[in-house]
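Both of the next two complexes hold subunit A, though its partner changes from subunit B to subunit C.
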Partner chain A sequence: MAVGLDFNGTAQQVNNFVSVSIQFDKPGACKARGSDLRVHFKFIKMKLDTSGLESTAPFFGSSNELLDGFSAAPFFEVPNTTNFDGFQKEAIQMVKPAKGTTTLAFIFKEGVMVAADSRASMGGYISSQSVKKIIEINPYMLGTMAGGAADCQFWHRNLGIKCRLHELANKRRISVTGASKLLANILYSYRGMGLSVGTMIAGWDETGPGLYYVDSEGGRLKGTRFSVGSGSPYAYGVLDNGYRYDMSIEEAAELARRSIYHATFRDGASGGVASVYYVGPDGWKKLSGDDVGELHYKYYPVTPSTVEQEMVEVAGA
Partner chain B sequence: MARYDRAITVFSPDGHLFQVEYALEAVRKGNAAVGVRGTDTIVLGVEKKSTVKLQDSRSVRKIVNLDDHIALACAGLKADARVLVNRARIECQSHRLTVEDPVTVEYITRYIAGLQQKYTQSGGVRPFGLSTLIIGFDPYTNSPSLYQTDPSGTFSAWKANATGRNSNSIREFLEKNYKETSGQETVKLAIRALLEVVESGGKNIEVAVMTKEHGLRQLEEAEIDAVVAEIEAEKAAAEAAKKAPPKET
Partner chain C sequence: MTKQQANWSPYDNNGGSCVAVAGADYCVVAADTRMSTGYSILTRDYSKICKLADKCVMASSGFQADVKALQKLLAARHLIYQQQHNKQMSCPAMGQLLSNTLYYKRFFPYYSFNVLGGLDSEGKGCVFTYDAVGSYERVGYSSQGSGSTLIMPFLDNQLKSPSPLLLPALDAVTPLSESEAVDLVKTVFASATERDIYTGDKLEIVVINAEGIRREYIELRKD
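The block that comes next holds the complex of A and B.
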């Protein structure tokens, strides 16, 4: 049995069986008895001076003349604001990563098409043009990455482990519904702790093609068309305009590619290579990975045009 | 204070877990229960002790459902059964919540067996004194299944099985007479098996039938009596055919 003492002199048995309180205001020996516990103490003086722990600093900004510019406890400047809680929320928003990327996925007649760009940015600095944003969870399920790259990579890999364990224990593949729910529950338990994940889980299971959007706020949505990231408004525009349920695989791939390209054209945080994956009954397959710069000239080739005025060398002086 | 860390189930020098074996004894003293799997129907039958006059028989249901598509019957300590069934029902719903899918029969059997095993390897607890027969249809594949668990925590799938009192004789009968059946034939086979050890009559058996479309259905006493009557008639006809000398042309 362990006994802990705090400065007020209340002894609590750690195993929750007995609570003993001991008064310390009298010097000299004192005895206390609880079941199975007998305590003897001898003290000279046990009164703690706690005045130093009290804060003497003024709560709002202005210095206190009475303190002669010298305060007993440290204090910090708190900004003059009427909305202290709102200010905290704004500060959190400022550091919140803006999910600079473009990813999209949609279900069509033949299965699921998943596409993403490959640019990673740190503020205004492009840190990489070749990031793999489509993560292969297992041979028949894909996840997309938006938000914190490390968060997405780690949790998708973790999800892959859980999916495999499920397969081994239950002798059948996990459904896309189940996999997305596992991830959503994990992210929900970390809610508010700073994870930044905006992902889509796309796959093919017993019930056919499946597509779910899962984010670090704990949200989970089932749908047929999603785009996530800073470039998503641009991608949605092209995707929603060109989408039809009965498309062939090539048409769908071209639509996905074009949507990513248009997003990378207008959004500074998206760029690099537009990768397109297809998920069918036999699993996923990477269809293409085109540099968006080259895609630009493919869609908008430079045509020689007549020049209105030509500069000619003036002969002589 | 006594701490609950001393195990009750410990190995004997020759490798037996006596508490588990005693639990199996308790099962052997329990009411007979039989399960038969057909191609589209699964039947559970349980021996019912003659109803005490003042007891409300509806409150002593021996065949319970764990979910819409899974049912359980058991032999042994009924109080232990109640606890186990409650935990299994919670697990069925929890599974629905976390993976948005109903449990498969194998999953919930594995869970119940795992629970029974845990109580053979923990401090201060005794094993559950019951063996269960779990039936159901898997979602999506719709294949019928019958599983049995026992106090040691082992489980296996069966085409037909019995547990409880005289389960050996019932199993022998089933081994001799089992064939792939469907619908009413499966019900008849199960009742025939149970009648081997139980006094004849609808009052002494409780039968439940599970189908994919209708889930679990408890048979009324009248229905059971009708099937029993059919079986008796068939038996009598078979006896008569044996006794009468074969007609020679």
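The block that comes next holds the complex of A and C.
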């Protein structure tokens, strides 16, 4: 609550600090019992260091008629670029973490655990808090979405179609290796055209659990633990710390949920609902979907703090 | 050698806002009727809403030339579907068709921000919301266009329902009745008109329910 008040202020300079003491004039403005409120500010007086502006380079040539009588001008190095006003912004943009999301997947003893948040952002605007980032390609394979939502949705659906056609043509299910290769080859052919896809293909086939990371640069990696998106550093921290190969399904699900929660806590581009899926020999099953706001209070419940002084309504005025 | 910059853009933004709200057995789709370019108004009486199928209506804001092309394409595809399947397209099917149509122009997009509203095959209200390249999602309510950043927080406040991603699932249907939803939409546009220069003139409201489709027009501020 903002209160506009008159104040008597005194300022003194003591050494390099300026001390300001403010007293509130109206006794009823603050409802603490009896006393007035005193506030102190300290300002540090700035002493500017101008040594950097003095030129250190010696003059070329012993004497120069034009420069006699002129003092040395400060010399700044100018970057050799065509876009002088915007190159720094471009550099920041280049390093900026793209793909505002957090998704993760890992293989453990019982199968594959896949988890993701559900926030979609357009710049700084949250366009949706309920995006399905875990895409069900077929009953035993899942794909995660990071990057362009339309790109991921469209190409995962396309992959599902290709997998189904493979089943019909070959009378058996496609392997996770095969499915991820199909997707990677498509994305590689569109390389450089601006698609943004950072996905993980997780599934269970004849060789057991499988997990591949595929992206729009054309990369395809086989692995046991991945996290993709702007929140992935935070998720990796929790995931790598708590990971053991021989976990039970409940432990693995809780680890996945916690990792997503911590990522949504620290990353502005991640949030919404943390979904956790498990892929086992019988296919995938959704284990949980929890609002991360509620998860916060579940993990860190509010403890009522002991009250030292209670503020009481003053009768009348 | 600096990259050559284009001195002409194929796109223009004609402004405007669209809203759709889904209920238990109805769907409300609304859009203003102002068409602008830059700071000028081209017309005060342009409909952004198009009936694609019996129980399926689309409202689009953005570049109206692209919207017109999109509407024509979808209408043609619907006609072919009717010839081949001897029935009308359901709203979810039209939703998928629109998504694919938008994505096919991924590298030269339709500058069109759409909301699709209608009844699904069970008669429940459904709303689909899209981005310019086809990513879509079924939701309980949505707004698109120049006023969407003003409208959406208000709709979140009034209509926010539990996310469909929650497990165990919670029912996500808007608890409002049809007349309450229509009043809400009128209020929303009155507010958006106050603060968005591209929204105003007239409001066109389309209500889809089991009886059919009905249309209403409300005057908005013309400044």
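A few comments on the model shown:
In this text, the second predicted complex is superposed on the first by the 213 of 317 C-alpha atoms of A that agree within 3 Å, B and C clash if a C-alpha of one lies under 4 Å from a C-alpha of the other, contacts with A are read in each partner's own complex, and residues count from 1 in each chain.
Keep in mind that, in the parts below, contacts are C-beta pairs under 8 Å (C-beta built on N, C-alpha and C of every residue); 3 or more make two chains touch, one makes a residue touch a chain.
The shown structure was predicted, so the numbers you read here are calculated from the model rather than taken from an experiment.
Legend: residue contacts after superposition of the two complexes on their common chain; A:Thr177 is shown touching subunit B, with no touch to subunit C. Of the two partner chains placed around the shared chain by superposition, neither subunit B nor subunit C is touched by A:Ser232.
By the touch criterion defined above, A:Glu206 reaches subunit B but does not reach subunit C. Subunit A is touched at more residues by one of its partners, and among subunit B and subunit C that partner is C. Of the two partner chains placed around the shared chain by superposition, subunit C is the only one that A:Gly194 touches, whereas subunit B remains out of contact. In the overlay built on the shared chain, the residue A:Thr102 is in contact with neither subunit B nor subunit C. In the superposition on chain A, contact of A:Asp290 is made with subunit C only, not with subunit B.
When the two structures are aligned on the shared chain, A:Ser270 is found in touch with neither subunit B nor subunit C.
Within the superposed three-chain model, A:Asn185 lies in touch with subunit B and out of touch with subunit C [touch as defined at top]. Looking at subunit A, you'll find no residue that touches subunit B in one structure and subunit C in the other. Within the complex formed with subunit A, the subunit C residues making contact are 2, 99-100, 102-103, 106-107, 129, 131, 133-137, 139, 149, 163-167.
On subunit A, the positions that touch subunit C within their shared complex are 82-83, 118, 120, 122, 125, 127-132, 148-154, 193-195, 272-273, 275, 286-291.
Interface residues of subunit A, counted against subunit B in their complex, comprise 15, 17, 36, 169-172, 174-175, 177-178, 181-182, 185, 206-207. Across the complex, subunit A is touched by residues 1, 98-101, 104, 106-107, 110, 140 of subunit B.
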